[in-house]
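Take this structure, written in structure tokens, and hold onto it; I'll ask about it next.
All chains are identified by letter, namely A, B, C and D, in their written order; residue positions are counted from 1 within each chain.
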């Protein structure tokens, strides 16, 4: 058992639980940041150094900044946060999620082919070079499509954030 | 020009006339419309004459194959035309009288704003009728059959601004459709027995059938062939009762008088209504095998003749009298066909076409002169003002009444003789004697109501002394004279015997054996009895209606003690009301009931929306645990995933 | 030229045209309509060219295109048509420009979306008829649903949302079952290829399972047809849909159900089809009489015609399941003929609805005088719908009844009553609208405009042409229909479980 | 042991799912979605280490890149919607977004 993984996963889970239970999104965002970093560490222990790096860059660098930026922009006061579900609603959902987790664990643990050490087959596993070759040879087309998606999403975000939703309002 | 290869022109020419007048008629001057409309039928008439002459050298008939119309599987329906002796007679009848009535129509209708439409419809009718008699298979006959029905519908409702006319047309079409329903079943039955719809093929196949065997394949497997043939025969006759106005489907014909009078003359007297008789003649090979069916036909025909003869006595609309008389005469024709001496029926078709067309057209002239008044009680004394029309009309009436030596006498006599021959043949079923009696009585009735009609219309005191009669167009008079000549002379000149020899080879020999002695007896019996009843009928008619005082007494009787008897006849024995109450209305109620209850409540609200409601009820219950719609949706997704996974785990 | 990808091209033309339409500014009304019309006309021309190149041997598929789509699941992009599909595609490409033209002035709300939907609908319909891979078929089948639902739900009448939801729910209920059945077939045969499945399924699926699968396919198709008692979505959909929607719905969409029976349900599960024949014939015969009676009870023209569709499609089902070549060919002919005559009827109703915004029978009267050309065209189409010999409707009805009589005379006789009732309700409609005294309210109603005439004349001409010369149509569909009929006769019960 | 990594991923996923379902603040729901995607990413990476006979390549890593890209796009659009929503409705409550249910 990799001790790094143990620590990282413990941190990640703890911050995840905190994140979903925080009332104020600012705190949630902070916990999510911690969680992302811990997941990046997990990637490292799974012999995926390139991914770990990208993960940090994309999630903490881009996505989290975006979140925080929006939170600042909205600048929600505590009274604007709105109501949350009562415990009677949340408890069954928690049970449901726990049940899902239970099922998944059962499936994972009952598969003997997964009970093997997480060891990379070679030293260059997950390196920039290897992933890059794969990405631009075998998966070139999906890669291009994804870039298209991002462009469309950028435009979409621009249009959405710029335009007032007055006509949506009118139809509802 | 070789006539056999130009047969197609006969139905095509009127069709062209229809297209030209139908599409451009509004732009053309009326005389041109009339010329176009009359040219087609006239050339068709000339071609028909040629075809008739050609038959002398081609006794087996002329045939022109055109193309394959419907061909699939084992079914092959060609589009081909044929002319044999039977068709040739019908052709002469249709094109000859058709042309005359076209000419008459110019005089009768030229003032109507929709004149071109009228002529176009007439042309279309002629094309369809020619198709009917010339088609070389049952389905082509059906094309014409439905086509003439359509034209009848259009022409009855020609003055469509009045719902009464339109409804009469609709009634005609729908009642005919009921007959067509039977027709189709008969055609299907025959097809499954013979595997073809062509006349020649069917004739050979029917001849090849072993009448004592069972059907071995197809839908009627295990049924005796005789029974299957009887079903076919009865169903085809059912179709004929629609088109040719026999019990139980005759009710449309009197209503059809709502159409313009030339239409009544052409379609509802001379040509279309004889299509059923043509069908019987065409299918003679089938009917001669089925004496029981022939008996049924004769009985139905005699009942129709009698019933409508009775109704005709009590009608006051000049056209209604003629209409019921037509139904009655059609009964005679069917009776003639049913004896197996098919030429007698055909003979009556021809003579009836002459004198009934004459009568209708004469009535048309009277109606025009009277400014569209049709009630004979309001006429009277027309003799003085309309001498020409009166004479011609009376000639037609004498022919209808069966007074020798007019044409009607000969043909009616031939039928009565044939029926008596049947009845008196050894081993004949007793019903034939009854039928003979009914027909003789009806012949008397015919003479009676014809006399009544003539007396009330042309003699006696005018109902209105100050009337100004409308002038009758010369084309109308010319046509009337032509038809009157035919009605007066056709019998004397030996049309009957000529028809017998000319068509003799096309008929299948009748089932009864020929007995010359009996034939002579039959002739004398028929002639004697019919002459007697005709004299009686005319005498009674003159006696009752010629004298003013007796007529008033009669009027009092019909309103007083005789009201019940007279009312039955004048209300047409309440047949229409009966159909209305027991067939038409229940179907309407059923439709409304099914729509209101089954469709909207049981199926729609009950099953469809019920299931939808139960779903929404279920989710309404779920909603108590969930406040938001989005969360509810996602949560239920999760629940679904868990259930599916659990199921897979437990069963995988 | 046999290898030319006609079918891909045909599906692509409307789709691409639709996409290009999105680039046109919303205000350019004329350009949008023009582009849509041109697109659909191009598709029509291409389909005609395809027809001239159509020379199959027997019932084989032609213009086959086969490309691997998803390798792992053995899904192919496979297209290919036989005579039946060709006839249906021609009908589709003919009705589409007509539908576009008939909505020229009547669509004011978001015309761009409207014509876009119509074009996508056309692409989907052509795809359904062209697909020769079951998965691809299903994709197109569902794809088609969306634009149709939009047409009803956005551009429809006052109760459009109810009608659209009903339409979607009905169709979805059936197609989900069908999808399960498709997956089952795939699991057992390992392929979605229609021809491979036709060879595999009848031999290898036990009878009990066949019944279930046939039921699933059959229900989906029966709803689409629609067969009694699954028909109640149809009147609502028709009444609420805009004219173009009704034309396409009646003209093409309903035929998808019967087409599905011919192409999939019967060849895949012939044993079950034979076992279900009595009940299907019974429902079809009931549907004919019931639909006719329903029509008699209606006062709304569109509803009346909608119910008459139930009756007419009953004839199609009757013919297909008669088990005779005559009947089945009659059924196919009736599919085309119903598309022509009922499509034209909806167009005709649309003509006066555009002018008056009224469809009640009792609201009109005497229109024959005001609008003579219109009345004439209406009369011809009415007669075609009644099945007057010499017009197209007769050929199908006659063949169906004749064929059915050879195997199931009682059903045939019962159904023949529909012929009588058909005359009753159609002529009654005609009477109320066109005859009688002139209604002063509509005294100044203009007769059909040249544009409307252009939409109507092709259909009227076809009605006459197919009535006089049904030969080409019957020949085109003869071999594939024979195949279907044969599969109904070569029935063998499979006992072994694969 | 790969299964532990998978357990960890499942835990992250479940917690994220709870956040999506049990919270009404759209921002937090979006964050929880990211958490779920993270769980999925870990599964991709971990399973790419399971030998499967043929020559191994880190194809799972490529998929993680794709997922990241999608996540970035999603967040961009999602947050844009949140801003638009807040502007018009002054709320970030998911239950105010009910335009879908007619």
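Criterion: a residue touches a chain if its C-beta (ideal position, glycine included) is under 8 Å from a C-beta of that chain, and two chains touch if they have at least 3 such contacts.
Values in this document were obtained by computation on a predicted structure and should not be read as measured data.
Novice: Averaging only over C-alpha atoms, locate the centres of chain A and chain C and give their separation in whole Å.
Specialist: Using C-alpha averages as centres, the distance is 49 Å.
Novice: Could you state the distance in Å from the CA-based centre of chain C to that of chain D?
Specialist: 44
Novice: If you average the Cα atoms of chain B and of chain C to get two centres, how far apart are those centres in Å?
Specialist: 38
Novice: Counting in whole Å, what is the centre-to-centre distance of chain A and chain B, each centre being its mean C-alpha position?
Specialist: 86
Novice: Among the residues of chain B, which are close enough to touch at least two other chains?
Specialist: 627, 631, 635, 638
Novice: Which positions in chain C touch two or more other chains at once?
Specialist: none
Novice: Where in chain D do residues touch two or more other chains at once?
Specialist: 17, 21-22, 24, 98, in rising order.
Novice: Which word fits how the chains touch one another: line, ring, star, complete or other?
Specialist: Contact map by chain: other.
Novice: Which pairs of chains touch each other?
Specialist: A-B, A-D, B-C, B-D
Novice: What residues on chain C touch chain B, complex-wise?
Specialist: Going through chain C, the ones touching chain B are 166, 169-170, 229, 232-233, 290, 293-294, 296-298, 324-326, 329-330, 366, 368-369, 383, 388-390, 394-395, 398-399, 401-403, 405-409, 412-413, 416-417, 419-420, 423-424, 427-428, 431, 434-438, 468-471, 474, 478.
Novice: Considering the complex alone, what residue numbers of chain B touch chain A?
Specialist: Spelled out, the residues of chain B in touch with chain A are 625-627, 631, 635, 638-639, 641-642, 645-646, 649.
Novice: Taking the touch rule as given, give the residues of chain D at its contact with chain A in the complex, in rising order.
Specialist: Contact set of chain D toward chain A: 1-8, 10-19, 21-25, 27-28, 30-32, 34-35, 38, 41-42, 45-46, 49-51, 56-59, 61-62, 64-66, 68-77, 79-88, 90-93, 98-99.
Novice: Help me check something: in the complex, which residues belonging to chain A touch chain D?
Specialist: So the residues of chain A touching chain D come out as 1, 5, 9, 12-13, 16-17, 19-20, 22, 25, 28-29, 32, 35-36, 39, 42-43, 46-48, 50-51, 54-55, 58-59, 62-63, 66-67, 70-71, 73-74, 76, 80-85, 89-90, 93-94, 96-98, 100-101, 104-105, 108-109, 111, 113-121, 125-126, 130-131, 134-135, 138-139, 142-143, 146-147, 149-150, 152-154, 156-158, 160-161, 163-166, 168-169, 171-172.
Novice: Which bits of chain B are touching chain D when the two form their complex?
Specialist: 627-631, 634-635, 638
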